[in-house]
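Two complexes, one shared chain (chain A), two partners (chain B, chain C).
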Partner chain A sequence: MNAIVIKNNQQIPFDSIPTLEYNKFLEYNTALLQNEDCHCVNYYGIAVQENVKLICCIANDKDATILLSSSLVGLETPLECFAQHHLAFEKFEREIHENFGIPFLNHPWLKPVRYPFNASNKNNTIANYPFFKIESEELHEVGVGPIHAGIIEPGHFRFLCNGEQILHLEIQLGYQHRGIETLFLQKKKLIERHTLAENISGDSVVGHTTAFANLWESLCNVETTEQAHFERTLALELERIAVHTGDLSGMCTDVAYQLGSAVYGRLRTPIINFFQLWCGNRIAKGLIRSGYSNFPFTNELGEKLKTVLEAFETDFEEISKATFAAPTVLGRLEKTGIITNQVGKNIGLVGMAARMTNINRDIRSSHPYHLYSTILHQPILKHHGDAYSRARIKYREIQQSITYIKTLLNAIPSHNTTKIEMPKPTPNAFILSMIEGWRGEICHCAITNAQGELVHYKIKDPSFHNWLAMALAVRNNEISDFPISNKSFNLSYAGHDL
Partner chain B sequence: MLSLVLIIVASLFFMGIVIRTKSITSGRKGPGIFQPMKDVIRLWKKGAVFSRTTSFIFQIAPSIYFASIIMAILVIPFGQYRGIVSFDGDFVFFAYVLALGKFFSIIGALDTGSSFEGMGASREALYSMLAEPAFFILMGSFALYTGHTSFHEIFTSLHFGSYISYGLGVLATFVLIMIAMIENSRMPVDDPKTHLELTMVHEVMILDNSGFDLGLILYGTNLKFAMYGALIANFFTGTFSILISILIFLSVQILFAIMVGILESFSARFRMGNNAQFIFTLTSISILIFFGVLLIMGKFV
Partner chain C sequence: MINNLKILFHQGKQYIPDVTTIEIPGVFRGLPIISNEKVDVNALEELCPTKAITINPLQIDLGKCTFCGECSMAFPKKITFTKDYKIASNSREALIVKQGVESPIKLNPESIRKEISDYFSGSLKLRQVCAGGDGSCELELGACGNVNFDMGRYGIEFVASPRHADGIVITGPITKGMAEPLQICYDAIPEPKIIILAGTDAISGGIFADSPALNRHFLETHTIDLYVPGNPIHPLTFINGVLELIRNRK
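This part shows the complex of A and B:
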């Protein structure tokens, strides 16, 4: 047996993950990705005495399973890399190399990822990142950042340009590294861990906290209540509406379409204000807790949400009609920042970015959790892979989320705020929890020791897959179109850097 | 003298009206119409900070830029009143004294050594260069039509008689408005509101300027707008009495500002690569005016 098959949110004994010899491991996992239904969810290493245990999680989207396999390798032994067979492993191997110093052979781009304090090679610093260089007299380099013009999050972009045309973009991240995965092990209280999950990426608070809460409940063998299922599904869809609307506003700002920028910007507010009403925080911090609910969703809140959405929908449809009919806007969005279907498959795109290039990848439909199994979600797909497709997906997904929420509101479950005492997590277990945030699949993995303490926690934000797509999308574009490509992907710096 | 005073008056509220229009069209209240001017005054009270990589060029560039705009304004007439400076061929002087100012603002930007500012400078130089033929063909056509070569004489002897000449007036107004938008780096060629260095044209060139210098550059933009507004107003003031002329002047300025605001509210900025093409269309419209003039003068067989 090469791999153990699990479902989303299912815990298994850690020892039950088959350990393969490395070459077998490589062959098996890269062969799996030849099947288009499979994609790499997570691939990471954990230190086991003097060795490293590599764990590879490949999701099969067709039969809602996740295939886990592992391999025990030494720190010094050079290994043939996965990335030469499938580019989707590129970032994961860079991370393993950075953490443990395993020398990968034939890796296309073995550069630092996020400069953790316990990196194997302490000489790799942000200051001496090995950028791709040019020798040409005609080309010029443009360095942007690490301070973003709109002061959002730090990241450095290095363009190689031929006049106005971008030939190559290299993205250097790692400025936001806070050591969150290590903090998950150091902070023993559940409330601290919830707070950590909420702070992985400020725009995916619901997403990451839900992933953590599901993981923890499953790890502690606590049945997720009907109420929690309902609230988390609702919060996820609300977060999707809020962020997508904000993104549309941002895209309009970047093409200097003032009307769209102002109206979409205004429309985001009532949605996040609803979160404020519900849980006292506009980005839903404090809302999701494993085992219980601090802020039960009452019928009054349901009525309020209905009116909020009704007002939202009318204005939203009107402004979308104007925006998507404005020739100057279309002129900027169409054919800007194209990712083809083939490139998307090669680099293992996830989430919205995958769907815009006609890859049917959506955890809500492929590995359903919470109420998505009853909603029977149908992912929205676009074909062109340009900024216009991304804008349209945001638009259509907002409509879809509104429909889902309306259906959900017809059956608000009864609520209680009784706090249950979470039992200790299962000892020696491995668990993987996936959810579809607004950006794409969020994956949390945890491993416990014999005492039931966390010994390893692994977080993967969808940005980790998708940053490469942004770098490839802007090639041969005008440099002045970069911001619009960037905004249309809207990837997380903090989520990548952890 | 009158034109200088009126242009300065118009420059005080011009940008305020643009911003107010944009605010209202996007459903906001917006700042008072003198807010941009208050910002400029605030900047004038500040000292400037200079980067150590820059030389004296960077320090003198804003002053020369501003001075060039003032000099250009001096040749602009008002109704029957000459500008402070008026001579044959002063529209050529007008265009090139502005170009001189632009030249200094471009080398000032290059002086900072920043990769953004170089990009912005190259874009600005390209767009000004492309807009130049449109302006000269336009003014040349009117010089041919009236037989004079100074602004004052062209405008005083310009009579709208036939339908064609009204058509010419409208086209000329359009071309001048678009040239004003390009020269002032406004939409649809440049987005003055953006925070993204990579998409800026003019804004990126002045990233390193601060305090008094920045105030000069910002006020320069207001003056330039009012100056083009005055040029447009001159098409219509013709032979009216002074009070009516002043009224026409002010209403043209206000209408122009509102138009700029509306234009910037409901369209997105063009793709950078299409800008050159767009600016060229202005030249072809100018050529249309030229043919119109030939038609009126019967030189077109």
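This part shows the complex of A and C:
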């Protein structure tokens, strides 16, 4: 047996993951990715005494399974890399190399990922990142960041340009590294871990906290209540509406369409204000808790939400009609920042960014959780892979989320606020939890020891897959179009850097 | 053109007429009040994810508080969060709420530098630096300038370049990677200049306070002009705090 087959949110004994000899491990996992229904959801290493255990998690989107395999390797033995067979592994191997120093052979670029405080090579510093260079008198470099012009997170972009045309973009991240995965182990209280999960990425609070809550309930053998299923599904869709609307506002700003910018910007307000009405926080911090709910969703809230959405829809449709008919907007969005279907598959895109280039990848339909199995979610797909497709997919997904929420509101489950004492997690277990946030799949993995204590926690934000797409999308674009591409992907720096 | 005007008309009145007096609708956790009720204080202290609650005497440090509300839900008679969103101060000590004391959080006018009201009372341009912030305080700072809160009407705006700025707004717990860029940005701002810390992470490190990936040296070597608590900050907390800072005269 090469791999053990699990379902989303299913815990298994850690030692039931087959350990393969490395060459076999490589051959097996890279062969799996030849099948287009499969993609890598996580591949990472954990220290086992003087060695490293590599754990590879490949999801099969067709039959809703995840294939887990592992290999025990030394710290210094050079290994043939996965990335030469499939580029989707590129970032994962860089991370393993950065954490443990394992030399990978034939890797396209073993560059630092996020400069973790416990990196194996302390000589790599954020100031000496090895940028790709071209020696030429005609070309010039443009360095942007880490601090950008707007109120956004830090990261450094290095462009190689020929006049105004971008030939190459390299993105250096790591400025946001806060050591979250280590803190997950150090902080033992459940409330501390909830707080950490809420602070992974501020625009995906519901997404990350839901992934953690599901993981923790399953790890502690506590059944998720009907109420929690309902509240988490609803909150995930509300978060999608809020962020997509904000993104449409940002994209309008970047193409200097002032009306769209202002109207979409203010349309986000009633949605996040509803979060505040529900839980006292506009970003939904404090809303999702495993094992209990501090803020039950009442019928009264349901009525209120219906009113909010009704008012939202009218204005949203009106401004969208104007936006998507404005030549000034279309002229800037169409054919800008293209990622072809083939490139998307090669680099293993996930989430909305995958769907805009006709890759049917959506955890809501492929590995359903909560109420998505009853919603029978059909992902919205676009074909052109440009900024226009990304704007349209945001527009259509907002409509779809509103439809789902209306359906959900027809059956609000009864609620209570009883706080149950969470039992200890299962000892010696491995668990993987995935949800589809607005940006794409969020994957959390945990491993416990013989006492049921967390010994490893792994977080993967969809941005980890998708940053490379941003760098490739802007090639041959004018540098002035870069902000549109950037906003249309809206990737997370904090979620990537952890 | 007619269509655009129609759209404008359909938005109705979106701005908040007076951001200093409006009441926040729904649930909001602002300034807490600690009653004299007898409770198991050790259990209360244990509940807090960021050690914002300390006992003997019982107090809550809003510079550490994540406003999750777990304490008030477990001990509703002991701790209540009011909807008072004016919780910013120029004094770190003023953010500590003590048992049995019900008084609003204010700025100490004595310690506001004179040049702040001299130069900035009618116009304040700010440069924001995210130093490990998760993006939520950044979203709310962005919202301060939207059509609802419209901070620009008071002459307070975020600008792109530190050269154009009168001050810096820091969010996030200040990671090692951002320590140097933050210093460079601050140095590039012409004198006189102010420093504002926005959000729990910036003020105390929040849940990341004991992370080995931080470098908070900048805060030890500079004087902070305004602390704005929140996780994330509410736009009203930020706007009111800044207004008090620039309009207060000794």
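FYI, the second predicted complex is superposed on the first by the 498 of 498 C-alpha atoms of A that agree within 3 Å, B and C clash if a C-alpha of one lies under 4 Å from a C-alpha of the other, contacts with A are read in each partner's own complex, and residues count from 1 in each chain.
Everything that follows uses one rule, which is that a residue touches a chain if its C-beta (ideal position, glycine included) is under 8 Å from a C-beta of that chain, and two chains touch if they have at least 3 such contacts.
Keep in mind that what you see is a predicted model, and the values were worked out from it rather than measured.
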Answer with clash or fit: chain B and chain C placed together on chain A by superposition. fit
Quick check on the superposed pair: does A:I126 touch chain B, chain C, both, or neither? Answer first, second, both or neither. second
If you stack the two complexes on chain A, which partner ends up touching A:T328: first (chain B), second (chain C), both, or neither? first
First, second, both or neither for A:I479, with chain B first and chain C second: first
For apex chain A with the CA centres of chain B and chain C, the angle to the nearest 10 degrees sits at 60
Could you tell me if A:P112 is touching chain B, chain C, both of them or neither one (first, second, both, neither)? neither
Touch check for A:V144: first (chain B), second (chain C), both, or neither? first
If you stack the two complexes on chain A, which partner ends up touching A:R266: first (chain B), second (chain C), both, or neither? both
Of chain B and chain C, the partner touching more residues of chain A is C
According to the stated criteria, A:G207 is in contact with first (chain B), second (chain C), both, or neither; which is it? neither
Considering only the touch criterion stated at the top, classify A:A256 as touching first (chain B), second (chain C), both, or neither. first
Regarding the shared-chain residue A:A494, is it in contact with chain B (first), chain C (second), both, or neither? second
By how many Å are the closest C-alpha atoms of chain B and chain C apart after the superposition? 5
Please report the chain A residues shared by its interface with chain B and its interface with chain C. 149-150, 259, 262-263, 266
Considering the complex alone, what residue numbers of chain C touch chain A? 3-4, 6-8, 10-11, 14, 24-29, 46-50, 66-70, 73, 81, 128-143, 146-148, 158, 160-161, 172-173, 175-178, 180-181, 185, 201, 206-208, 210-214, 231-232, 234
Complex interface listing, chain B residues touching chain A: 22, 25-28, 115-116, 118-119, 187-188, 191, 193-199, 264-274
Which residues of chain A touch chain B in their complex? 140-144, 149-150, 164, 252-259, 261-263, 266, 326, 328-329, 331-332, 478-483
Quick check: in the complex, which residue numbers of chain A touch chain C? 115-118, 126-127, 146-147, 149-154, 174-180, 182-183, 186-187, 189, 191-192, 194-196, 199-203, 205, 246, 259, 262-263, 265-266, 269, 273, 276-283, 285-286, 294-295, 314-315, 318-319, 322, 417, 492-494
